[in-house]
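What follows is a pair of complexes built around chain A, which joins chain B in one and chain C in the other.
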Partner chain A sequence: MRFVKTIINTAKLYMAKQQNRPAYFVAGLVLVLLPLFVAPYLRDIITKILIYAIFATSLNLLCGYTGLFSLGHAAYFGVAGYTTGVLMAHYGVESFWIVAPAGVLMAALMAAAFGFVALRGVGTYFLLITLAFGQLIYSVALKWRTVTGGTNGLVNVGYPDLGLPWFTMNALSFYYFVSVILVISFFLLYRLVKSPFGVALQAIRENETRMQSLGYNTWLYKYIIFIVAGLFAGVAGTLFSYHSTILVPSQVGILASTLVMLMVIIGGKRVFWGPTIGAIVIIFVEHYSSLYVPTHWPLILGCFFVVTVMFLRGGISIYLIKLLKRVVSLCIR
Partner chain B sequence: MESILPNLLNAITFGFILFLIASGLSVIYGFMGILNLAHGVFYILGAYFGLALNNYGVPFVLASLGAGIIVGIIAMIVERVFLSRLHKQLDEQVLITIGFVYIFTTLARLIWGSEAKLVAAPAIVSGFVNIGDIRYPLYRLVIIAAGLAIAVGLWLLTEKTRAGSIIRAGMDNKEMTMALGMNYGMVASIIFFMGAFVGGAAGFIGLPIIAVHPAIVFDILLLSLIVIVVGGVGRIEGVLLGSMVIGLIDSLGKAYFPDWSYFTIYLAMIIILLVKPRGLLPRSQ
Partner chain C sequence: MHSLRVEGLSKHFGGVNALRNVSFSVETGEHLAVIGPNGAGKSTLFNVIGGHLPADNGRVLLFGQDITHIPPYKRSHLGIARSFQVAALFLELTVLDNIMLALHGNLRSRFDMYRPMASYKNINDKAHQLLDSMGLWIKRDELVEELSYGEQRRLEISIALSGEPKLLLLDEPSAGLTIAESEDIRNRINSLGSDITIMLVAHDMDLVFGFAKRIIVLHYGEIITEGTCDEIRHDLKVKEIYMGSEMGNTLC
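For the complex of A and B:
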């Protein structure tokens, strides 16, 4: 009986995978062909969206899968960004293979240090401590002027040098470079959340006491995922520092942390692709509102928060999935 | 050794300013479980409303009370319309208060501009007093008195009154409390009003010392968060102790390690959390 059940389950899983395959194919095709059809300025915004998609998905590991609301996630993004920026602008280290690992490693180390303290608090206490740590990094970026440039920002960060003689980095190839890193990151993260480790995290979110009684060291699980989330925020931060060419403290402060949190909840924190949808929506709204009503952008952001929490609890990606399924079933019929 | 006394006095007054800022947040967090990130907004709104009232010729004390009441009413509307529908959904409550931070901060900037504003202390208390052989501003002593008065008032409200015990019962079991005939919703609104009132009044009381502008919202929020993390939530004594500790560390840090002064309070917070994860005076469970 059990054997038959296993076979049926495996078959079901396979079917589920098959169902998603066309969607991945279409998404990949769009990613490859998009720069050919859009204006250069729009392509740069899409590059930014891809970077924030990695950032938001890394935060979703914490708040969606583990139930840990971190309000200081921009700290790891910022540490990696500033490490990259400082190495390039002050020390003239151009090689991608030195700069990027250094930035990501710094982010992971910072997450390891902060997570150790923050995870001592439970519930909203955790949120409060991560918020304080985020502001600590922000104030370092603000006050350590000789290194970070303070409010004037850190300038002269160029594109990464891959050390390949036949490859020159420009805005277009940087777009593809970011896309490749996005695909690799998402592949790794998707495997992670579908692994036994990822399932254990979701169980910790639902009932931590029960997981403890089953013999799981829940603290260690949370600590590891905190570091992993910080690491991928660092990946996004490094890419962002290449992309934006100037780093200012507000990009690592609470505004950035809450912005990425909004991406996660508006996209849907129970769906792997939710934060990506959220990043698309928020970056476009941010871009156009700062174009037409620059002083009102925080107001719009605040209204987004209120509306999302009150009316769109599951995020918009749930509705998108329903719509997609309806379209697919119509097509098949 | 003669330089220690003014530093110590400064530490105590800064501690009481911190207490004024943080106590409203702690009341709402400790008794309703809502981590109200909009608390910094209540503070600056209180400062702006008090300033407006003061400009119309309302005396200083009445202006601070009036500012507190206006902010309290705004907060009560927010609580009734939004937060009460998210009972015990702590993360959602926090997220929605972030939204209100942005909404109210932007509105404040659009209405009152983004330049820093101060108010002169009322004439009676604007002088100096001699303590030992140093001259000390009288208004700073007024802050200590105001802080003590608010501490006693909040302690009485939460520990000694019926409203306080209803709210604590409601936090443990809302349905049971309501089944016993208590109007939990109204009491929750009153507690939220009180927290916002104290925050708003503090905004104007602190205005002769701390200039107000929209960008200080997060500084105020952060200071109060650190105070309640250090002191422990849910008890007024905890907030008082937390603000004294942070006030002392910050003032002495500024006096003796000026280069590192910005980070001493973070360092203190980290060390205290590592030793006592629930703060110095946690509420007994």
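For the complex of A and C:
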């Protein structure tokens, strides 16, 4: 009895000190074990969720942290995706170490060019300029048929070749590959939002003029984070083009941009993990509704959005955290 | 040595001349107050000196260096700090984050993208010291939007002081406070070191007369007169401007 008490007390102390550690541990365990227990098609959907989690989290750097609402974020996702796809399918460059950096670099360069112009506008103007740039990339994907395949899409993009002679990627190992990249990306992004730079972004969202009078070149901050967000959207885009059997223009257009924006809003933009929750919810809803009521998928998505905005202000994640805290405190007591 | 020199400054918004050919200079370590009725151009003057509004004409010199055309964040690096008339804080951040950001503002570490802000030990200590002196350390983990108005004003002043400025611009530091709170602010401002130059805009005459060595009176964007507290108190033109108002009574 005494032994149990000691354990509980130690656990309590641990929880008080490192509140998030147990949650990370559980999440990691689920990530590792999940594909071993679910059907292959479900595992592929989870892979897609992981990719979109990176994508949505990168957008949240802009929407949630900096207060910049970009409606063209799929452009950087798409540029990286098509770069990867074209290099692999058309030019036969298979090495991951060449293809992926090329894709991510292209996304970052595109964000650097577009961001330079878009950040001249604020609020609605910024949103409209990013939207226009997003549609520009969409039209290129649609019209440049010799390279992108137009509406027929880009096919024959296989799994990445890591250059290890004894190892060929399959769907399961690709799942783990994506998981590793997700963990690295999230680690870096989490460090970023907790750093002076990251806190400065939130302060710019709250009061830009004041930040200037405190010595911060706010334009530069917004420009840098726009590029970083584009870069991580590029990471997701590259993984996506490996993952999906076909790459079509609609995956880089306004629909894709709004979908990822919805993930951020439904999941919660004030919480780091919010967009990930949003990605899980939306991709599952998308999958099952297109399975059972294929024509009504946008309607269901719309309902989700309305319910979140009306009853779950701030996103699902805030309520999940409250619930989790209550459960944990009940367990400890 | 002049810490700040303003030469022939003009600023108009459409047809309204907010500042008309304003010139004055402030000695290093001097405490100067700018008074005038509403709409006299006091806040515009601060915004032009702070760099938030471009000047139409004239020059602003800080320690002899022309800063008329440089952006606000560079002026901060040169040693200008300011408080705002309406508390301009980061409402959805904690008190500690607010002050830590202010402390990082003039350091290279403001561009650090990897190390957590909370792990900067020396800056944390400075924040502790600053917040302690304003009685806000116990509130450090609260969001600023949850603070009372008086606490927000105190935080506003701690933020303005945090970069160890050479020139401090205080815009209505006691506006909207209770009598006890504004007395508290008054004492804190009076206890600031004499090594920083302070320019103050205020309607609170107790604050102005207790604080300033010299007073400038602005009216419709022009300097009507300037002088010591006693001179201003007995100046006929100043009485005329304030006649009938509450402040007229305080002055007489």
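Things worth noting here:
The rule we apply is simple: the second predicted complex is superposed on the first by the 316 of 333 C-alpha atoms of A that agree within 3 Å, B and C clash if a C-alpha of one lies under 4 Å from a C-alpha of the other, contacts with A are read in each partner's own complex, and residues count from 1 in each chain.
As a working rule, a contact is a pair of C-beta atoms (placed from the backbone, for glycine too) under 8 Å apart; a residue touches a chain by one contact, two chains touch by 3 or more.
On a predicted model such as this, the values are computed, not experimentally measured, just so you know.
Of the two partner chains placed by superposition, only chain B is touched by A:G302; chain C is not. Look at A:T218: by the touch rule set out above, it reaches chain C but stays clear of chain B.
Residue contacts after overlaying the shared chain place A:T209 against chain C, while chain B stays out of touching range.
With both complexes placed on chain A, chain A has more residues touched by B than by the other of chain B and chain C. Of the two partner chains placed by the overlay, only chain C lies in contact with A:L192; chain B stays clear of it.
Look at A:A200: by the touch rule set out above, it reaches chain C but stays clear of chain B. Contacts of A:F69 after superposition on the shared chain: chain B is touched, whereas chain C is not.
Contacts of chain A with chain B, set against its contacts with chain C after fitting on chain A, share not one residue.
Contact residues of chain A toward chain B in the complex are 63, 69, 71, 117, 120-121, 123-125, 127-129, 131-132, 135-136, 139-140, 143, 253-254, 258, 261, 265, 295-296, 298-299, 301-306, 308-310, 313. Residues of chain A that touch chain C in their complex: 191-192, 194-200, 202-203, 205-207, 209-218, 270.
Within the complex, the chain C residues that touch chain A are 50-52, 71-73, 75-77, 81-82, 84, 88-93, 97-98, 100-102, 104-106, 109-118, 120, 159, 163.
Those residues of chain B lying in contact with chain A across their complex are 29, 33, 35, 37, 82, 85-86, 90-92, 94-96, 98-107, 109-110, 218, 222, 225-226, 228-229, 262-263, 266, 269-270, 273-274, 277-278.
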